[in-house]
């Protein structure tokens, strides 16, 4: 255990990070600075201030980073149609690098020599926090209490809290949430406990952001989304800031039962894990972005992006947002989005996101004169296809001739 | 125009291929053999026999290839979670190589020196037919009337039919279908005419295989699908042949409004094209296959498959099923499926396919003892994560130190 | 054959393009503009002017594009360590898009409606010229005489020349070169005729730019190459323009027997073809660029580049320099080169290019304190490796446990 | 430190592993089994037996695994034309998984509960040994003394040796080798100490297996290599076992100064490291294998292999030989080699490996009738190229038209 003078703690105000706050003060005999980010998780943050103050913290940072989060992290990721392992929209993964950045900035501004977080030693989040932190400040010290202490069960944690006078609310006294949860403007996630049997269906009472498709309205709702340079900029003609737009989509999507996901994913630390996610707005945007790209992106550019997407998704999932390889890929992705302008119409109905139209006044590569099944007045010479096929077949014909000779 | 003695025509019995039949007889002065495949398209095939006979055809082949189609083409493709451009399930693409193979076999058996098909010079299907045919018989002659004749508009085609006494049914007289359609056990597709404006929503009357989510039953339905070596083998405990299983899923899926798709895709011949598809069974199987893989496939194997999938999808879309590169990739894909055994439960409800559970008695790599958020009794040492992160961060720390020095 | 008023011909002044000039005037009854590029092929270009004038050409363009060629085409390609099929340095491929661009520009400036070139219908160059031209001017007409006329044998061509008073030099009268050749500042290539048996060794008399290793000097020569942003900027401390630097390297490399290549490659049009190449300067630069990257590029960035290189090489080989996908990849590649600064020392000796040293004052990521096999005073904690290995092994251990249980 | 009863040590008989032997006996109070593999490193192994016996070891295993090494590890790797980071032929990497496998087998046969090795905590070899061991026996204990003890400098190690009566030979007393070396039939490597400055040229006295190009014979030597299913099976018509063939090539290659390499590589543990390698036989085989593939492999299959090669190389470099993803890729690679039959002629001269001819009686896809620059009597219709180019250009023309409209 190396000497630490001041540590910046990623602090939610909840039980775990409150225990960590106290534990850091005691074990490291150091000053603790708290950092709390408003990522749109939908919780009051002022109670965190009060609790930190009560714990003797002198420097308390509470940040509204919602616009930065959506504009500089979520939207750039969505430009690549990013999903991890075919399904997961990376709601938790994409928030961590922003928190890592802010922790490092606060450490710099407060002359702290360490940062700390409440992520466990089994999960991906510790990796995301710490890779991000090291990439931004290679000499920062990082304290990850869950990898150091002996409070590995919930009982021990609560005993510690009670012994040290840390307030434990009713929920925890009654056994705590049956899930480990994380929320921000992009999603809310559920893991652990009741979900640890992947054969069993998740309880309907678990879901918080969306109604079930069964309980969604009987009337469908249409939405027009406008894109500029690959990013959504307005809803139904209403220009919006990035975080407002996503918040709106969450509300509308959640109302229509859109965006629930139940899957088993492969963690970077080597194990499989079952997770449930609600990503109403993100689910709509993923569909819509593919739709606007479908008419504005060149085929080979689109295929190049598709080929690289899983790798890009893994970079984000594994915590390499601040790595040089992610930045290099982002350069390519962003370059491709210059032509991604236009609008998409989607229909939301009981869990479905249905694309019903898409167009681009400035960048549509869809040419009805060529695509038509009717007479095209010579825009396309069907005879060309003969040569096209012949040359593409040539190598296979040579091989077949050789095979037949034998 | 080279000399042809006998040609095998891919014959549906419809207007287009009936005109082609006559045209081949007249233009090439050659004998025509008709080949009609039952791919589960859901049409009576005996009328095709009668029409061919009436047109003077002596060798008429009508084949039930439904089991071969699903077992040897659809299921192998599904082992890779194959979708083209993020969305299209390749229903038409995957049927063409089977037809190409059968045409070549019939040509061999009937001593024909040519084959012919009714695909236009603007589409992908001509490429798929012909690349397949050349790969299997490099010296076959191929006659693609749409690239040769001058009957490019529907009016000219009908005039030709009437002039030559080819029966034109009422549908065509009234302007024909507003869509160009193709169907087989995997899907039914709609292209052209009314769909040529990608900004406009498809008419609800177009869809044939599925009800709209709005008209689907109010009660959800659960399905258990069992997998052996990556292929589905039973539904709700009932073992089924491949094509029966897919037919069942189509029926159930269609009933619940599952599997509609409306998209703009990039054709191999270079243009964008709007297509609508109904793939009820395929949509269920795609979801379910990912789910069974999620617990039975190693992470890096799964990622390798994900990285290669778009390329594999393009091979199929572009018509390279019989190419050596597709066969090489298939070898890898099939190898990975040995452990993909177990069951998946899905819930169908108004257009949604929701995975609610998955398990594998023999091959589950999900280890609850390690994944648990609770105390794991030492199955996993959280301290290991510290070294894992440190070494993964090392290169970024060295770079950051260099940057900071400057 | 559509109506053409004026055509810009890529004109070398040699027999083939002189015949084409005449043939275009006769067949198309159109005015011909000649365009001749100095790419450093090492031939007098003024004779081309005289010949064009003699043939009645009124608009004659002769261009020194050497600097543009090396700076904007060769060097950007070398930033990716580009080789096609593991060996070919793309000397011919990379010159074609520049010529295509100039032809289109000259067509615009002279109000020509067509361009023409002397590439045959079997090779890659026709594709490279025409894809480039279409990408830059989608409505340009392209005349490719080799695909149209009946002068397919050398004898017919010479007969045509003699009949039309086109001067045929002694070389051609005696049977012509035993090879089809192409040269520019990057390489000289040999194909065809004597090389059409890939089992037979190329004759030593064929090679023009380099001595054989056997005839190279007995004394080695060292060279220091300095890189800025991934491009070489000086030799032995002497700053040079791009094309001067490459010309110098060609001379020195050729003297030391560096850069000969004898291979069978896969053409885009579907056949295999045997080619011999001399690329003295390029061979040195390929080695040197990898060496400077080895100390200045992050590992994952380098691997990303390596993974994408074959695809990028195919784009260039196949003629897609002006495509959006090449431009997108180039954006990524160029982005990575910002840190590629420093110097490399190579030793040239009888065909060998041996890297003997490399360093970067500003961007070296090589940290001797960490890499040392000696005691590093704690710069690296060897214990970290234990956790790193444990977590990387976890998924395989879980799988092995499952396997052992069975 | 967990309880260990018996440990299998990878034992070379050298100073380091002799110290480890003693240290294991003392620290773990356990029985030590020694395992020594003859990988063709060219050292007497019987002294290792004597030393082990003297140290009180009762179970001593000395294995000739040369044939298995080359046949089952080196040749499968070479089927993929494998090089790491464009240059390194993976000589050390490919031997580790075999040793890991044998350690696990000996542990099973001797009822040992642990294995141990002498690799340091900074290098790749620890990872390769341990990932291999864990994949084959997930519950094995692994003791890596370099990560545990405090003998991190050479001085401390020698002091320990002298204190415990471990014989230290003259070489070590005089400061030891200036390099850390590793040898087997594929290569000999040099790292560390004198090489830790990547700007400085390696001393010529370092190299052991090859003469310098300067000192190589003045006369070139030709070699015919025959391939069956992608593996070399005979030299100059002489059939040979795998390890004999590689040994022969090492001798001939070394004589001609072939196979030296001096590079900076990126270790899996995160740092850059300078290494020098001699791989005479491997360098010849890499060139020759590409040459035989150039005429026997389909273009797209070859490109698929090229695209995947860097990933496959990283798997081996990083120690994932026994991983499911390497096995999956190997399946694909091996499948492609069925047609790789024929011979290659190479010329060796002062460091150069020059391919001068290649042919395959059974599998050559090189068709001189099609490739010829002369009249091909219609084997290939040049007009086909027009359509081929037109359709490949279509998407770019549509985009250019759109661009021009603006």
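By letter and in written order, the chains are A, B, C and D; residue numbering begins at 1 in each of them.
To be clear about the criterion, a residue touches a chain if its C-beta (ideal position, glycine included) is under 8 Å from a C-beta of that chain, and two chains touch if they have at least 3 such contacts.
The structure presented is a predicted model; accordingly, all values stated were derived computationally and were not measured.
Listed by label, the chains touching chain C and chain D alike are A, B.
A count of C-beta contacts for the chain pairs A-B and A-D puts A-B on top.
Distance between chain centres (mean CA atoms), chain A to chain C: 42 Å. A straight line joining the Cα centres of chain A and chain D is 40 Å long. Centroid to centroid, with C-alpha atoms defining each point, chain A and chain B lie 31 Å apart. Residues of chain C in contact with at least two other chains: 266, 269-271, 298-300, 303, 311, 323-324, 365, 367, 370, 380, 383-386, 388, 391-396, 398-399. Note for the complex: chain C touches chain A at residues 266, 269-271, 298, 300-301, 303-304, 311, 320, 323-325, 327-329, 331-332, 335-336, 391-395, 398. Of all the residues in chain C, the ones that touch chain B in their complex are 298-300, 362-365, 367, 370, 380-381, 383-388, 390-392, 394-396, 398-399, 402, 406. Contact residues of chain D toward chain C in the complex are 81, 85-87, 120-122, 126-127, 130-131, 134-139, 144, 146-148, 152-154, 180, 191-193, 196-202, 213-214, 220, 260, 262-266, 269-274, 290-291, 294-295, 299, 302-303, 306-307, 310-311, 314, 322-324, 345, 349-352, 354-359, 365-368, 370-375, 380, 382-386, 388-389, 392-393, 396-401, 404.
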